[in-house]
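Heads up, the thing below is written out as structure tokens.
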Amino acid sequence: MDLSSDLRLNDPEVYLRTYGRPHPRPELLGTFVYGVPELNRARLRGATRISGAGCIATASELALAPFLRHAILAKGDAIVDAKIGSSAAGARPGPSGHHPERAGAIRTYAPVGHRHEPEIAQALGGRLRIHLTATAVERVRGILVAAHLFVQDGTSEQDVLMALRESYEDEPFVRLVLARRGIHRVPDPRVLDGSNWCDIGFGLDRDSGRLVVMSAIDNLVKGTAGQAIQALNVSVGWDERSGLSFPGLHP
Amino acid sequence: MDLSSDLRLNDPEVYLRTYGRPHPRPELLGTFVYGVPELNRARLRGATRISGAGCIATASELALAPFLRHAILAKGDAIVDAKIGSSAAGARPGPSGHHPERAGAIRTYAPVGHRHEPEIAQALGGRLRIHLTATAVERVRGILVAAHLFVQDGTSEQDVLMALRESYEDEPFVRLVLARRGIHRVPDPRVLDGSNWCDIGFGLDRDSGRLVVMSAIDNLVKGTAGQAIQALNVSVGWDERSGLSFPGLHP
Amino acid sequence: MDLSSDLRLNDPEVYLRTYGRPHPRPELLGTFVYGVPELNRARLRGATRISGAGCIATASELALAPFLRHAILAKGDAIVDAKIGSSAAGARPGPSGHHPERAGAIRTYAPVGHRHEPEIAQALGGRLRIHLTATAVERVRGILVAAHLFVQDGTSEQDVLMALRESYEDEPFVRLVLARRGIHRVPDPRVLDGSNWCDIGFGLDRDSGRLVVMSAIDNLVKGTAGQAIQALNVSVGWDERSGLSFPGLHP
Amino acid sequence: MDLSSDLRLNDPEVYLRTYGRPHPRPELLGTFVYGVPELNRARLRGATRISGAGCIATASELALAPFLRHAILAKGDAIVDAKIGSSAAGARPGPSGHHPERAGAIRTYAPVGHRHEPEIAQALGGRLRIHLTATAVERVRGILVAAHLFVQDGTSEQDVLMALRESYEDEPFVRLVLARRGIHRVPDPRVLDGSNWCDIGFGLDRDSGRLVVMSAIDNLVKGTAGQAIQALNVSVGWDERSGLSFPGLHP
């Protein structure tokens, strides 16, 4: 189980373009199973080499994957606008994470060129052009991704819902957030601190054909360590939920 | 000077669709000058009826307008992803603004169907389809807008910069944020509290042709009251900067 | 089990002075066991009427109780300065909890006259004059209490430590925070969200004889619902820790 | 004008005890005027050597000084409980200021032994024993001090008010916050960001004789740079308010 970003990409050329240096052991690329159980459960069973997925990548892939299984999209472009807490920048102190500079920030540290872009594209089988933007906001834990998509004419909320249900109704760690009213009608990472849930919701503008899929996780759990445990549970055949029962806090 | 949203839209049909009820005085629509000096300075001079602009609308229009004056865009679609503080939801207490529910939120309260969408489209002369998404984040004041656009093949950073400079180099309240390095290389509303600045920056992915334009304001100043004073200054012929000299705080 | 403040005080006169109205059922006062297991475990066993304790009261009592069992204090006065998150003010929206007014506040809503003052004094057997001040700070959950005490001449850190150890070494939900260095050398409610822990630490100024005892809890768990479960577990003879295993989050 | 803490203390012995090393130029100690105009205006006029005051020290001294001019106190002890934002810890990144560790903290980094203790005692002429505790809370700018004092029997709110008014009614940068109701009835640094105000309020418990004096400042303005400008204005005979007109923001 490798939690770094070293072994997520399969193609040495893409690795070079993404990380700015050649991979030191290119023969290893492609030999690790990408550790997102919702995408790769069959391959994870019995796997002995697993690569953890990126945190923004995980949230994005879970937002997008259901719509590739259905001929619902009008275009092959997905604009993914991610908002993210400070813990995703790592534990090492530095100027950009210094509290007087970081508190209350809305800082788009990666308008373009984010390193998870090719990772997401690869995980989705290259069927979508991914355009990722990442913005740091005031939180310690948590990511909210908004994936902006355009659907085919005539697509209804029911169609979107069916795509989501089909993908996720048996998933132990994906919840659909579908309330019509109230504060909790959309996914929000603030209720996911410490949990392995990925909460997914959506909004559809039937006039313009724009579909916005929202996906929230705790980057330190479903985005890293929790998902690693989930993938490990799958690989060795244990109950996938072992060690991951914390439901989150509210408020 | 009307600061409400009553007199921003010109078309009674659009008003009805946007606000869900017919306008009580439709003959007034179109008789107020839309109060964004950067877009409407000539018409504001001597104007006796001015309508204030919406806060997200202001930030979005200032991000987008420069690219309509140049044949730089490949498509007529703009996806505008806005992040916004709690003061924009008004001074009246309610469940969604109650601190234990609102603190640390990343809550996409309007994935689609935001009321500023037609206002922005109208202010830009109907030349762009506006797709707006608004997310509440942890701040009291401030908006950051990311406008995702696609440019024509071969467009360079220099072309984008020229479009911005041409529009804004003489503007008293627009600053271009263009640093290559450091924490302050992108617009961030955290340094604008209390000021009338609109800070604008951008990122361009030449491979994919995506241009991300970021625009930051204090919603209570450039987004409402400060801009109203600026528009009033223009209308009566005073120095446009009168009463608006506060430069903001850091950190 | 009563979680309100109705049945905490034993004396109808004190109730009247504290809550500003006569108690409607004064014959009930004194018939409920005060539900802080660390103070009242023996009486809670088999109890059929239990009153929950106040959140600031709980943190304060756990900070102070050990020093009453030892002849360590020079005076009978305790100044208790409490800092507290927004959830303690209740779930009902109102002006003082409205996010634009509450965010980032350091607001001493009760400099004197806090209603938990007589509750703490009573729980400690009337052996200390309690002087309580409560300040709302930016957090949703959590309380940190600093109890300022004066000790007898010659009292050492070792004496303080012994008093704390004697009281709490067998307690399942009290931890002593005693590190000499590092960020985590003092109790801080930020690591206790969702947990039933009470973390206690201290600083002693041997020159002036001032002892500062710090006590941190999550007001919604050890300060209310969690402690109620703990008290219930004691009363019915179950494992005191049942249902209370969540260790908290970091960061 | 020296903004460091090098030249605040007059006594080399106290300096050694406070800072843990002998002063390298002890002959300089006592030759700088302590730069708090409210305490030292006469001596600042024409002064050519001024030492800036500490931020917590400033807030504490302004809370305490009025009660030394009146025979109102019953004891010579003042317990000062300070809450403070992250900018007071300096601009250099480090583990304790790293956002994932610092956000939402209520961390009593100095329960006893704070270095401003002897500075405050000296500034008040040695007439009070100062017992200082400092706690970091979630804010960037700002300090709120609560000074706990005991007054003589029979002291009324009117007596306290008179002491404050006499000291401060002509002060350009001290405001008394005396509202009986509402959110803004006590000093709160959240409305002082960027301003040179010191807001002072109080609560008196006539039964116990405890007086709590609250004092709020922006540590980066009245606590450092703003007060330095104010002191400089006094020393050279300019209008004391020059360059310090910013009134603060709300919300």
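Which chain is which? They are A, B, C and D, in the order written, and residues in each are numbered from 1.
Heads up, the rule we're going with is that contacts are C-beta pairs under 8 Å (C-beta built on N, C-alpha and C of every residue); 3 or more make two chains touch, one makes a residue touch a chain.
Small disclaimer: the values here were computed from a predicted structure and weren't measured.
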- Item | Contacts common to chain A and chain B (chain labels) | C, D
- Taking mean CA positions as centres, which chain lies farthest from chain A? D
- Note on the structure: Quick note, more Cb pairs in contact for B-D or C-D? It is C-D
- Query: Centre to centre, by mean C-alpha position, how many angstrom separate chain B and chain D?
  - Reply: 41
- Cα centroid separation between chain B and chain C, in whole Å? 48
- Message: What's the distance between the Cα centroids of chain C and chain D, rounded to whole Å?
- Response: 29
- Query: Where does chain A touch two or more other chains at once, residue-wise?
  - Reply: 87, 95, 100, 103-104, 138, 140, 251
- Item | Contacting residues of chain D [partner chain C, same complex] | 79, 81, 83, 95-96, 100-101, 103-113, 129, 131, 133, 135, 137-139, 142, 144, 146, 148, 182-183, 186-190, 201-205, 208, 210, 212, 214, 216, 251
- Could you please specify the touching residues of chain A with respect to chain D in the complex? 85-87, 91-95, 97-100, 102-104, 138, 140
- Taking the complex as given, what residues does chain D use to touch chain B? 87, 140-141, 193-194, 246, 249, 251
